[in-house]
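Below are two complexes that have chain A in common, paired first with chain B and then with chain C.
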Partner chain A sequence: MGRSDASRRRFLGGCLAGLTGGACGQSRGPSGQVKSGPAGGPSRVVIARDPALRAGGGPDGARLGKLLDRLLQAFYGVDNPGEAWRRLVRPGEVIGLKVNCLAGKGASTHPELVEAIMERLQQAGIRARDILVWDRLSEDLESAGYRIATGRDRARVMGNDLLGYEDELSAFGSAASLLAKALTQVCDGVINLPVLKDHGIVGVTLAMKNLFGAVHNPNKYHPNTGDPYVADVYMLPPIRQKVRLTICDAVNGQYEGGPSYMPQWSWPFNGLLAARDPVALDWTGWQILEQERARRGLKPLKDAGREPKWILTAARHGIGTNDPGRIERLEV
Partner chain B sequence: MGGLQDRRTFLKRAAALPGLASAAEGARRAEDEARYVAEARYYEKLPHRKIKCTLCPRECVIDDRERGYCGVRENRGGIYYTLVHSRVCAANIDPIEKKPFFHVLPGTTSFSIATAGCNVNCKMCQNWDISQVRPEQVRSLYLPPREVAALARQNQCATISYTYSEPVIFYEYMLETAEAGRAAGVKSVVVTGGYIMTDPLKELCRRVDAVKVDLKAFSEKFYREVVNGELKPVLAALVALRKLGMWTEIVYLVIPTLNDGDQEFRDLARWVKSDLGLDVPLHFTRFHPQYLLKNLPATPLKTLERAKAIADAEGLHYVYLGNVPGHPAENTYCPRCRRVLIQREGFFVRSLHVRGGRCEYCRQPIPGVWEKS
Partner chain C sequence: MKALGWTTLLALAAAAGCARRAPDPLPAEAAGWSKGRTRSFAAAELWRYVDGDAERYLQAGVVRTLAAEYRHRNGSEAAADVHEMSAAAGARRLFESEPAAGSRAIQVGEAGRSYGPSLTFRRGRYFVRLVAYQDSAETAAALIALARAVDERLRGAP
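Entry: the complex of A and B
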């Protein structure tokens, strides 16, 4: 893709986001939007889609890789994917890929996506042995199709059950947790790889909720539809400091019945989302799920008693913005 | 409901799993499954492989492969399991006074066990390193019910205590251990926050001999903000315990600025008097900075004495102070002749003047559990 194409799409996308986003905010947004987002201008959320992404039951690895390149180029506004990845990581760093594997093969981060990311990280100078694919439990990783690898001579794939947790609590607001050593000790930076999915208790599970996999006690953080817990957990300093980018696996979306995999409520979104601002990504993903719910005749999450109010709380914490007027939404 | 899952089934399942880190890891997981996993007794099956736990008032609705708030119960394909059967992370022989029970076999020892997990999350928890973790996050010992009973007998313990974390969350294990203890001539006592539904509480009361409830405050606000729970179900459990004839003692941890007001002490004492009776022991114990309340000081002694004075003035017969070794309010006094019946120093009994459940001096009946068998 040439620079001019990307720039034009970005410009148009930005204009559209400004127009439609404002209308969204007035008509069906949450009870409040926080106008002041993170410093440095609007938060960019890129959505890349490929209607022909699938081959058989899963994504076509080659097409997924190309979609990933398109996503990252648009996000960073660069002409080639290598440049995008070099902006994200530096040689010598240890990079963690925080996947979401609770739901098994149907609704977890696809191994094909992780493979594509690993390949590009290595092209950007990250050694294979300095990549850690990580989630809460090794058995969850296995159930999603990953093979556990603990040796230091290649990329590692393992759960917190093998890597362990810190001994000292980290606390913010309602959250007090032992953080995963994968986050605190192993990785210099983390790329967050959630999925686009409904959640039966906290409304949606996207970027911020995926970091429940970095704490020892996620079971304590589901009351009150996760508010303010999801936002408070994300405020824990190592999470704020180390998560550099969220790439949401939206090959499939699931608009009801999550977090378990429910094929009857899944649909092929055939896309990926990227954002540095997790609030903007979660707000955008939530709207996508709401649109699909509406299309299928399901009531909005608010009426279902599980509006993800923690997105607003996260915006109030200053993690990012949920204001559509400040979210630069690019569709490529 | 089924008991422990068949060991062979789990070993076969584990062997079939692809890509396990190592055969040893697979074998370890399979062994854990076979030892510690049993179907839960109290839950309802819901559509789409969801379940609702009916063990505690939280009534968690849990998706497949998820756990309840307690962190030790897991939905697997629409069947709910406890993961902590026989999975002991703390085992000690303690004086019964440490629980504290002051009217249960004074001067004896209690074989005390806990598993990981809790159904609340108190900011002052002194055992958060086991109560607020998942079972796989702490080192555990395999201690099946009959072995607990045998160890208790072997160590001349008069009772088995279910304590330290929150025994409601290891309910099935507690029930079976209490049965095994009873068969071996060892009583069972429960140290709990009382956050339990009525039906499982009734079943529990058929198997155990005494319950100590940590009543953490007498306000819903405190329960909501500090405990992450509710007061009302705890009060209901206390009333149910009394109606079921279960020997019950109450501990109230007095925390500066949070639950130490005179009116709260008075409301508590009046409620105990009206809803439970004058004979229920009420222990006001001293708080020490812990966990998420390290910013608060230890409870001043005068605050504890004020609490006791208020409860005494309401007419309660047995009001104690705890965590203040050597204080005269550690002793049991006869409500009629006012003589010292049980003299204590910390966790130790220095003299005992209760005979056959009566004051040795004036023959006033003294309620409690005084006989070993």
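Entry: the complex of A and C
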């Protein structure tokens, strides 16, 4: 895994060096999948689940921490979780945790998961004051159960409303936005922490869509089921340069009625997903949601008029792969 | 004098507009629930509350949305959204656009559905959604009681 990681980093570095819209060596598969991605191997997506994850209504923090360790060990192919985190971050860096809190307590990144990640970051040498938990608005964070913290002597928890946006637009394709300073100025690296859920317009909201929280005008990017907007926003260089890993909070999944929390269309998935390739993660999460929709007798998203075509567009941009033949799905 | 007349008319019209709006359909206390933070979003700002979900409310003619947090004396928490539409047809459209599978009809508003930990109902040009963060029969019953209190305040609202 170490070798393939290294080759993947080289590959991504090459892509980023030429980040002007060209894709990274790709060909079209027979059914719309784009065969792009690291030449050194497939894109790994790890799914870790624990059927006994819950304690009462929410996740058991201790069990969630152990699940996180299992996830990261499997993702990096290492024997202990500390080594996994040391591959992800270096002491002295400022690390951002981009949570998803729009939907309030029911369908947001669980604070228990963020606490577990913060604990492990510190064990890997990141100082507490060099951790920033951020999202679009401070009130979104508060609604999801986070306490706003702005002091420089500890981990910070803040929205873009407090940290601000750049003055100059960043643009790619259909996207033109002011980027959050949390991303551009504060953080050296970002761990993306979306949730597993349906989206009433763009089909699903997972890794790439979560970066709508890094731009000032996400409300402009929903026409045409989000295509190509979701992919184009993710192409903005600071996003591709700084997001190192996606850990999807799939303690609950929501297969209908998103992005707002709809408990009647949620189910306990009791899991976490990890991937470096956001396209592979989004494709995998989409399939999980489709399976649950089918199990509940709901139409596929394509028939519901909201197939997430932007996943294909993202693959065409070279962000990653949506080809199941090139996605290494590992369940632990 | 003519200008003064227009000013007076505009003031009266504005006052009449305010009078037509229900003062606050979300009670401070009701059926064991206590209201916490309340926010109000005009249509153009609704995306700040439910980005990605706002469009369907806009298409149905939402005028403003009131959102409040509630806590029950038994510890349950809930969110209450009252969407004020420009016409009753908008409230009906929103209500009927949501899948009824897994729900049961409840006698709240002009039409209502309980999904257990959440419910929706409509009354005139108001579409209401209550969502609890705990899933139990007790919470579901408490949610319906809160819905009835909200509905009572919407009765007679224009």
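Keep this in mind: the second predicted complex is superposed on the first by the 299 of 332 C-alpha atoms of A that agree within 3 Å, B and C clash if a C-alpha of one lies under 4 Å from a C-alpha of the other, contacts with A are read in each partner's own complex, and residues count from 1 in each chain.
Going forward, a contact is a pair of C-beta atoms (placed from the backbone, for glycine too) under 8 Å apart; a residue touches a chain by one contact, two chains touch by 3 or more.
If you're wondering where the values come from, they're calculated on a predicted model, not measured in any experiment.
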Combined model on chain A where chain B meets chain C, clash or fit: clash
First (chain B), second (chain C), both or neither touched by A:Ala171: first
Contacts of A:Ile148 with chain B and chain C, given as first, second, both or neither: first
Touched partner set for A:Pro237, first chain B, second chain C, both or neither: neither
Touched partner set for A:Ser138, first chain B, second chain C, both or neither: first
Chain B versus chain C as contact partner of A:Gly305, first or second or both or neither: neither
Touched partner set for A:Leu102, first chain B, second chain C, both or neither: both
Partner chain in contact with A:Pro91 - chain B first, chain C second, else both or neither: neither
First (chain B), second (chain C), both or neither touched by A:Gly297: second
Touched partner set for A:Ser260, first chain B, second chain C, both or neither: both
Touching both chain B and chain C, residues of chain A: 102, 104, 139, 200-201, 219, 222, 257-260, 262
In the complex, chain B residues that touch chain A: 17-21, 29, 48-50, 61, 63-71, 121, 132-134, 136-137, 228, 291-292
Residues of chain C touching chain A in the complex: 39, 47-48, 50-56, 69, 77, 79, 98-99, 101-103, 115-118, 131-135
Residues of chain A defined as touching chain B within the complex: 102-104, 138-140, 142, 146-148, 150, 158, 161-162, 165, 169, 171, 176, 178, 200-201, 216-217, 219-220, 222-223, 257-260, 262
Of all residues in chain A, those that touch chain C in their complex: 57, 102, 104-106, 136-137, 139, 143, 199-202, 205, 212, 218-219, 222, 256-265, 296-298
